[in-house]
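A, B and C label the chains in the order they appear, each numbered from 1.
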Amino acid sequence: MTQHVRNGWYLGAWSDEIGRRLTQRWITDLPVLFYRLPDGTVTAVEDRCPHRKYPLSLGHLDDAGILQCDYHGYRFGPDGVCVGVAEQADRPKAALRRFPLVERDGALWIWPGDPELADEGLLPDTSWLSDPGWTQVHGVVPLKARHLLLLENLLDLTHETFLHPTSIGNAAVAATPIDVTVDGYRVGFSRRMTGIQAPPFYEKSCGLTSPVDRWQDGEFYPPGIFVLNIRLAATGTEEPEGFHMKVLYGLTPALGNETHDFYALGRDYLVDDEELTKFQHEQQLAVMQEDVDALEAQEIMYATDQGAMAESSIRSDLAALRGRRALAKMLAREQQGDRAPRGRVSV
Amino acid sequence: MTQHVRNGWYLGAWSDEIGRRLTQRWITDLPVLFYRLPDGTVTAVEDRCPHRKYPLSLGHLDDAGILQCDYHGYRFGPDGVCVGVAEQADRPKAALRRFPLVERDGALWIWPGDPELADEGLLPDTSWLSDPGWTQVHGVVPLKARHLLLLENLLDLTHETFLHPTSIGNAAVAATPIDVTVDGYRVGFSRRMTGIQAPPFYEKSCGLTSPVDRWQDGEFYPPGIFVLNIRLAATGTEEPEGFHMKVLYGLTPALGNETHDFYALGRDYLVDDEELTKFQHEQQLAVMQEDVDALEAQEIMYATDQGAMAESSIRSDLAALRGRRALAKMLAREQQGDRAPRGRVSV
Amino acid sequence: MTQHVRNGWYLGAWSDEIGRRLTQRWITDLPVLFYRLPDGTVTAVEDRCPHRKYPLSLGHLDDAGILQCDYHGYRFGPDGVCVGVAEQADRPKAALRRFPLVERDGALWIWPGDPELADEGLLPDTSWLSDPGWTQVHGVVPLKARHLLLLENLLDLTHETFLHPTSIGNAAVAATPIDVTVDGYRVGFSRRMTGIQAPPFYEKSCGLTSPVDRWQDGEFYPPGIFVLNIRLAATGTEEPEGFHMKVLYGLTPALGNETHDFYALGRDYLVDDEELTKFQHEQQLAVMQEDVDALEAQEIMYATDQGAMAESSIRSDLAALRGRRALAKMLAREQQGDRAPRGRVSV
């Protein structure tokens, strides 16, 4: 049985990845087929034909939005219901497993679990992804490490000091404590660095002269979304004069202990500066590669730890520990088949 | 424990594959060593030395038919019995596990299970493989998919319409129902297509102008043999004037979910037309590659289907369902250790 | 749980492999980090940070011998105790798992199990590795086979006849019986070949004209050390005039069924003949590659033997059988948690 929470929104794809071409992506151990119907709406179904499990992504989509399995000809309408079998008189009672899907601000959010529990209200605000006052870059990076390790990476940014010292990290990050807030399963943290040296990425991104103030406000929307609000300003100036950036991560379990590491990085200034956009995108990918290398090395250590040695934790782990606990509670509830509306739960 | 039926004949090798060179091939999770003795007979033994399991296929065969393990010198006579250890005085009581083997019409049939149950009467007629009135090509293709998926592929040829549209398939195949016959564990089907367009392969193979009649008569000899009789004729002519082809498939489980996909394709006309033979062989391999690609994609979907979703079936699945049931019954019987002579069993 | 004996000395590394650079090596399913402190002593610790298991081998060692994890900044003193977290005020109570380590004669011996049981008295005499009257070469070869198969290879040298006929083996090895001695868990054997043809390696190594006498005296120090004493002399001369060689093997389980195959080959004559040293080293590596190829083929046969077929044994297996039994007894004792001082045990 999968060890992934399925009752929750995951970033399944970016809108610009999905067109008429049939696209397969593994999500929480399920093969998901994404495709866009003639009316422009996107459908996500389990990528196994109900007949003999052949991947429908190897089939065809016609102009009427009929999806045909190219092994034996089962055909499915836009609602996933079988409309017949090509060349045959049979019309089997069969339907694809369709996943709740929300397309919003250029992102496709999928709910791989119980459709009745899917609640759009659980999605974070992503309006900045489509706001003309912002510019953003986005993509997805493959990661051979379990979802939890990526989550803990994001909820404990002290690692920027050690893993990303040439771009976004310096001593101030690890040296500055965080405040942690918990709201139901959601976990937030904020770190206020004031009067510090700007790390290279921010120095170049904002053209600021140190000292600067740097604020990090992170929010984990379990099971798979993390948003980081970044504010930079010359020390002594007020927030309205600062530089705003946002990073959204979609932490989407793939198959086994592999994870899709979706990202979007946006800013609300110099939105037409393409050179800056290019620089930021390159830096974002370089930082993510440093994380991928670290997490894949860490994954091996977890996967092979037969004794499951106890872990030492410190105050800066608080947000990550709360996030881990939230995930564990969600998974336990889901495995117990608890379908009651979720109230506030302290994690 | 292996999940393969072992009490049955499998195509182990083609005669022209086996000479004095020691040849290893995995069959139903067993490493099998094939070699030809000086008198020309072929022997098949488990490819593990009884001493320390070293593969005997890495050893030597001398001109007297003595097989020597090249790790520590155990030596075995043509009957598989240990005749001594090179350079040593010991003569351990040890013997190789020998498998019943039948060489007939250029094919080597192996029975990997209980030798006492091996019954040549269970083999299909393969005289056409050596009949001078026929010509044939043969070989073997590796397949990373379980044996059952290959069987179901062959017992439901409606897939020719979708998977092989440029060679042997067109709409008529899927559109024409089959008759199914069951005889003990054996499952047969026949499909009579009349007045149809000839698919490209048959058009070129027979030089026929459409419309044609095309007959498919398939027979599954469980656990691992399938024979397809093909007859083509101009519509309105009688069978004796038609073109006859036969395809034999050996579906031989290898190790885990890998399978050897043996094939022979023969015809009873233009037997000296080497160009036609070359064309047919190329087409056969191209069709098999399309099947391999599909089955390997399908295998992943079965191997990862944690929920084991129910399957939808239609009338054209009848032969495949009967074949699947026959295999399951054989396996269950075998695992229960039932060694009674098999009577007629309805599947 | 690991199936490896951990309460015993294993060759962890050669001294010249370990400097200030952090070096990871898997030993008995544990990731071990080796590094040399500023005072020259070598430390071996589990290569998982107690914080979040990140490999410390990806961290840094400073000039004071402080090891820092480069994921979140945990820092450890030379004794493995956490001395703080970089940039943070926390000083968690955490310590690395340190392994007993002995550096002697250019070899680093590690005890991956219970430190209280580590007893230097169990190490064999290796003074010849650093004796100026001897010269030696050494290294390590990776092996994808379980430790036991390498042990049995070394305890039954009849395989030299079949696997190494162009270098160290000829018929005399398999033809000459061994005497076996057992002392507690230790197993020794001796083979006295007299008046034989010298195999090519020894002919060239010693410049002897056949017939020669060749003596092999092997000793297994369980769980992972094997020493072979080799003496060559012209037949009819006495021992003091002979040529002495020694081979030490470190059989160190790595991860799963992989093994580090450490070796040192020494001689007490022509110690300054570098050409001879080069020849011997090349031959040693060639012989080991023949063993690696054989053992990896054998490993597959053990790993896939579902029926676990019984093995046939002969007199020449006696040392190997005793070695296997010693290992099994050690493992059983260890798994029962027996920590009593070990007395003499007959194997």
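Following the convention adopted for this analysis, contacts are C-beta pairs under 8 Å (C-beta built on N, C-alpha and C of every residue); 3 or more make two chains touch, one makes a residue touch a chain.
For clarity, every value in this text was computed on a predicted model and none was experimentally measured.
Least-squares overlay of CA atoms from subunit B onto subunit C yields a rotation of 120° to the nearest 5. In summary, the pair subunit A and subunit B forms a contact in which the copies contribute largely different residue numbers, shared numbers making up under half of all those used.
Taking each chain's centre as the mean of its C-alpha atoms, subunit A lies 47 Å from subunit B. Residue positions of subunit B touching 2 or more other chains: none. Of all residues in subunit C, those touching subunit A in their complex are 1-2, 29, 31, 46-48, 50-55, 58, 68-74, 82, 85-88, 90, 92-94, 97, 255. The touching residues of subunit B, when paired with subunit A in their complex, are 152, 156, 158-159, 161-163, 171, 173-175, 294, 297-298, 300-302, 304-306, 309-317.
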